[in-house]
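Heads up, the next two complexes both have chain A, just with different partners, chain B and then chain C.
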Partner chain A sequence: MRRIAAAAFIVLAMAWPSAAAPFQTEQPQETLVREIGARLRCPVCQSENILDSQSGTAREMIVMLREQLAQGRTEAEIVEYFRSRYGDYVLLSPPVSGFGGIIWIVPPILLVMAGAAYLLLVRRSADKAGRVAHDAQPHEPLNEQSLRRLEL
Partner chain B sequence: MTLLASQRPAIPRWKWLLGAAVVAIPLLLGIGLTKDPSFIPSMIVGRTMPDFSLEPLSGEAKVASEKLLGKPLVINFWASWCVSCREEHPLLVQLGDRADLFDEFEIVGINYRDSPVAAAQFLDRQGHFPYPSGQDKRGRLGIDFGVYGMPETFFVDAQGVVQARQVGPLTPQAIEQNLKLIGALR
Partner chain C sequence: MVESLIKLGQLATSLALVLSLCAIAAAVLVAARSAPAWLRAARNALFANLALVAFGCATLIWSFATLDFSVAYVAQNSNSQLPMIYRMTAMWGAHEGSLMLWLFYLVLLSAIAVKVHWKDHPLSMPWIIATLGAVQFGFLAFIVFLSNPFLTISPALPDGQDLNPLLQDPGLVFHPPVLYLGYVGFAIPFAFAVASLVRTHSGAEWVRAVRRWTLFAWTMLTSGILMGGFWAYYELGWGGYWAWDPVENASLMPWLTGTALLHSMMAQDKRGLFRTWNVFLVVTTFLLTLIGTFLVRSGVLTSVHAFAVDPGRGAYMLGFLTVTMVFGYGLILFRSDRLLGDALVESPYSRESAILANNVLLLVAAATVFLGTLYPLFVEAVSGERLSVGAPYFNKVVVPLMLAVVFLLGIGPSVPWRKVDARRLAAMLRKPSVGAVLALGVALVAGVRDLLTLSAIAAVAFAFSATLTDIATGIYARRRVTGESWLRAARNVLSFGRQRFGGLVVHLGIALIGAGMIASGLFQTAVTVSMKPGDSFELAGRVITLREVADASSSNYQGRAAILSVSQDGRPLYEMQPEKRFYAVRSMATTEIAIRSSFSGDLYMIIGEETQQGGVTIRGYWNPLVSWIWAGWLVVACGSLLSLSGTSRRKVGRKAASAVATATGVPAE
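And now, the complex of A and B:
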């Protein structure tokens, strides 16, 4: 009986840590802070997001981000808040609509155009090759008459 | 000669296109290189300026936007840690005297991300502004104005609409031009 109790105790003791609540080292909203922070460009840096930047302005923007999330603002509202102050510049990836859309739309269009041009060129050269081959084929076998004509 | 020229085969169109691309792409890249990558186009020009009410650097009265309404307004963001602020400092002092003298416009300073002690030392050394400065210790007002460098100066008309923004030190030309823009010159 003692042994069983001891075994049960050991099993329980080993199971205890995993049964405990998972470690919580930060507020749940911090995930969202990081997500939004990674999308926003630090205005006083070059191509660095406000999450990575050590600048005072970026630090303050992160603080504002937290405050606004705590107030229940949505991600879109917060991004718009900073966009209305710093413009599209503050977005690390340009918006899909408006002028920024050009950056997204042009490369696929160029790719399709290049593909079409390539196909066209290939077909044209294949046509040419085909015509040459066709011309080279004699309509009738050489005979004495045609040889004469060639010799003049 | 003319016969020979006419005999030369026409250059195919795709070669023209390729040639144009070879010229155009480096040209566009070259133009891109001459641009300043840290320049941010202003969102605030053409908009109503954000409201503010800041602790003054010295004295008691708050530096508040509502007290400044109804007249053209110059807002100068400065800091003691900003080197090029020293460059425009004499011009700002002059501009402040002018605002006092002619009553055509208001001018106010915003001490941006600075400590009051350092700011006071800076003013003792460079000369005091004849107008008040509000403290924007954490730079929040700066974010509202879309400030990204020091110094920056905003020119606001009597209706409270921001008409111009000067990034970097002011020049006499910039001052005249922008004062005209906000109707501060008659």
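And now, the complex of A and C:
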């Protein structure tokens, strides 16, 4: 067990310097540019955000984004600005209001329903199984054959 | 002569269409009144279809190889400047040819499945053949009447329009064929499930017969998806491998339900559970592979209006899907009363309960991806309003579900079937929990505070250490009983328990992929700099200097390359050379990314615009642990191979039983 813990530690320790790096190299404003840019769709591309896109429109939008950040606007204000210019289409995560609402409501409802079905099924059949008496068998000592049956 | 060859290909394919109908008719006839000669005829029709379709594909590839521009499809997708290898792979570069590839796989796998299972499943065989024949008919009719790659144009064009430059990459040689093999692989379990439903034999026989087919299809689908990611990473140049693009989602949906199927089939095999659920999953997965193929190939994903460009095709695809769906789900509803088994999930602390929970999560994830991919199309068709559902949405909704699945992946294989004492379960999970806690500690010290990131790290670490513990426990148990050396015990455990340990190795690979995705997805660093020769910038502890911008043209494109030298602590390491290419024939530009991979991460360089003053924009990424994803894929492939190579449990049992019988003289049953 300790060995496993050690192995896990080594693996993570090796991953760690690279994981720590991003926080120092980027200027705070560029981090914000990336955060907001990842939420905005390039209007002329096929499902690319404005950071990844190589198109002129996307680059102009990035320039606008930087300007607005430099003017001290908040993230919400900037997103709203692009939304008013290009419509809901520009938001890669659809708004909760209007048509986009469905998309946010359905998965949680599904999860709750499926979760309830799971609990109900397990509970009900566990009850039924509880009433069926089990004939307990004593364990035989393990040998080559029983190991194979156990797939060991 | 060449023209007549493509006509022969067309003829062969049309003949296959007729034969698929004959196969269905003969097979149904056999089922109605037992007539073995007709069943052989139906089987031979499927065999003949393999020869005919293979010939059809061969004529098409031959037309590409010889650059016969009198064939419309060749003229649209190749060019005399195109290197030979891409001429051959151009066959599946566009709509018509890729459907032809789909069809080829279908007739190939049908023939193999019928040949392999001919003796074992004599009573199901008519229905298996009829189902496979019907699917073949569906694709053949589409290809012959609506999407014909054999059409010729007269007079022949002097030169072709060239293959889409993005597809001129080794990635295209592998990604679509492997992905399609995964898609088509699910047709075989589908046929077996239909046969078992029609015959109302919903026991474990069909599940056992298709275990390997399902695992094979799943492995190919997984590989195809990852190869697609690999290709996107190397070719498209946005620094990532997965963008939640509708085209990607289309392949993810059958993967999610296929993964659920792979697990819940075990519960039916070993415990006789989830019969209805399994046939539902098979039908759903097969439908999703059809939807995936059609979505990507119809162009409807770019815009609903693409559908209207060729209404015949669109209507046919919808019709085919509807018929398959009504037939598949209808059959399940019709037979639902016969599908109930008497086995029960006895306790929430059991393997079957873990599998059920895994299924619930995977299915909700699949439904979410389905909704997120198709809902925008629906809204646009209904109201004309355009909506985007992209990465930020899916990351928020699907990623947490998948994290729960990864967490369960750690628990599931440790929990025994039927039930286990809650206290014993807790004891079993203590070791992996230590792994998770350690990882969490490291992440917290590193300054990670985001809740989702922390739970992702914990889940992956838990799954990884739980899987390792499971493997180690197996080896330890065997060693204790047999007194073998560690190495020998490990070897024996791996070779005797191929199904179980193959599965564990796959899980290990998935955990590695998960670690790679978390690190590269959440800890990526990106820099965009405008530089002149001699300028340098720093990224992930390395100093990158622009030496010059040079010409890098080739026979079929003009190119510009930035030559960058990378050094660390004043020590020069290597050179990187991102390029930009312009393909004159299609007047299309592409970027060739320069990547330097290492264990801890990838340095990823893209060349941007050049300025008049001899400067250039360089975009650099540091993508931590990306290579773990590809390494994880190798581990998954090895695990799958191990599991596929194992004899089935039933056979081992039978062998062991007969060994006992001969040894003691007592009858086996």
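As a convention for this text, the second predicted complex is superposed on the first by the 82 of 152 C-alpha atoms of A that agree within 3 Å, B and C clash if a C-alpha of one lies under 4 Å from a C-alpha of the other, contacts with A are read in each partner's own complex, and residues count from 1 in each chain.
As a convention for this text, contacts are C-beta pairs under 8 Å (C-beta built on N, C-alpha and C of every residue); 3 or more make two chains touch, one makes a residue touch a chain.
Keep in mind that this is a model prediction, so the values were computed, not measured.
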item	value
Touching partner for A:R85 - first (chain B), second (chain C), both, neither	first
Partner chain(s) touched by A:S125 [first = chain B, second = chain C, both, neither]	second
Per-residue contact with chain A, leading partner among chain C and chain B	C
Which superposed partner A:E48 touches (first chain B, second chain C, both, neither)	second
Which superposed partner A:F99 touches (first chain B, second chain C, both, neither)	second
Touched partner set for A:M64, first chain B, second chain C, both or neither	first
Chain A residues contacted in one complex by chain B, in the other by chain C	46, 87, 89, 117, 121
Residues of chain B touching chain A in the complex	14, 37-38, 40-44, 113, 138-140, 142-146, 148-149
Residue ranges of chain C in contact with chain A within the complex	237-240, 243-246, 301-302, 344-348, 353, 356-357, 360, 363-364, 367-368, 371-372, 375, 379, 383, 385-393, 396-397, 401, 430-432, 434-435, 438-439, 442-443, 446-448, 461, 464-465, 468-469, 472, 474, 477-478, 481-482, 493, 496-497, 499-501, 515, 519, 523-527, 538-541, 591, 599-601, 608, 622, 624-625, 649, 652-653, 656, 659-660
Chain A to chain B touching residues, read off their complex	43-44, 46, 56-57, 60-61, 63-64, 82-87, 89, 117, 121
Residue ranges of chain A touching chain C (in the complex, touch as defined)	1, 4-5, 7-9, 11-23, 25-26, 34, 38-39, 41, 46-49, 51-54, 87-94, 99-100, 102-103, 106-107, 110-111, 114-115, 117-118, 121-123, 125-126, 128-129, 142-145, 147-152
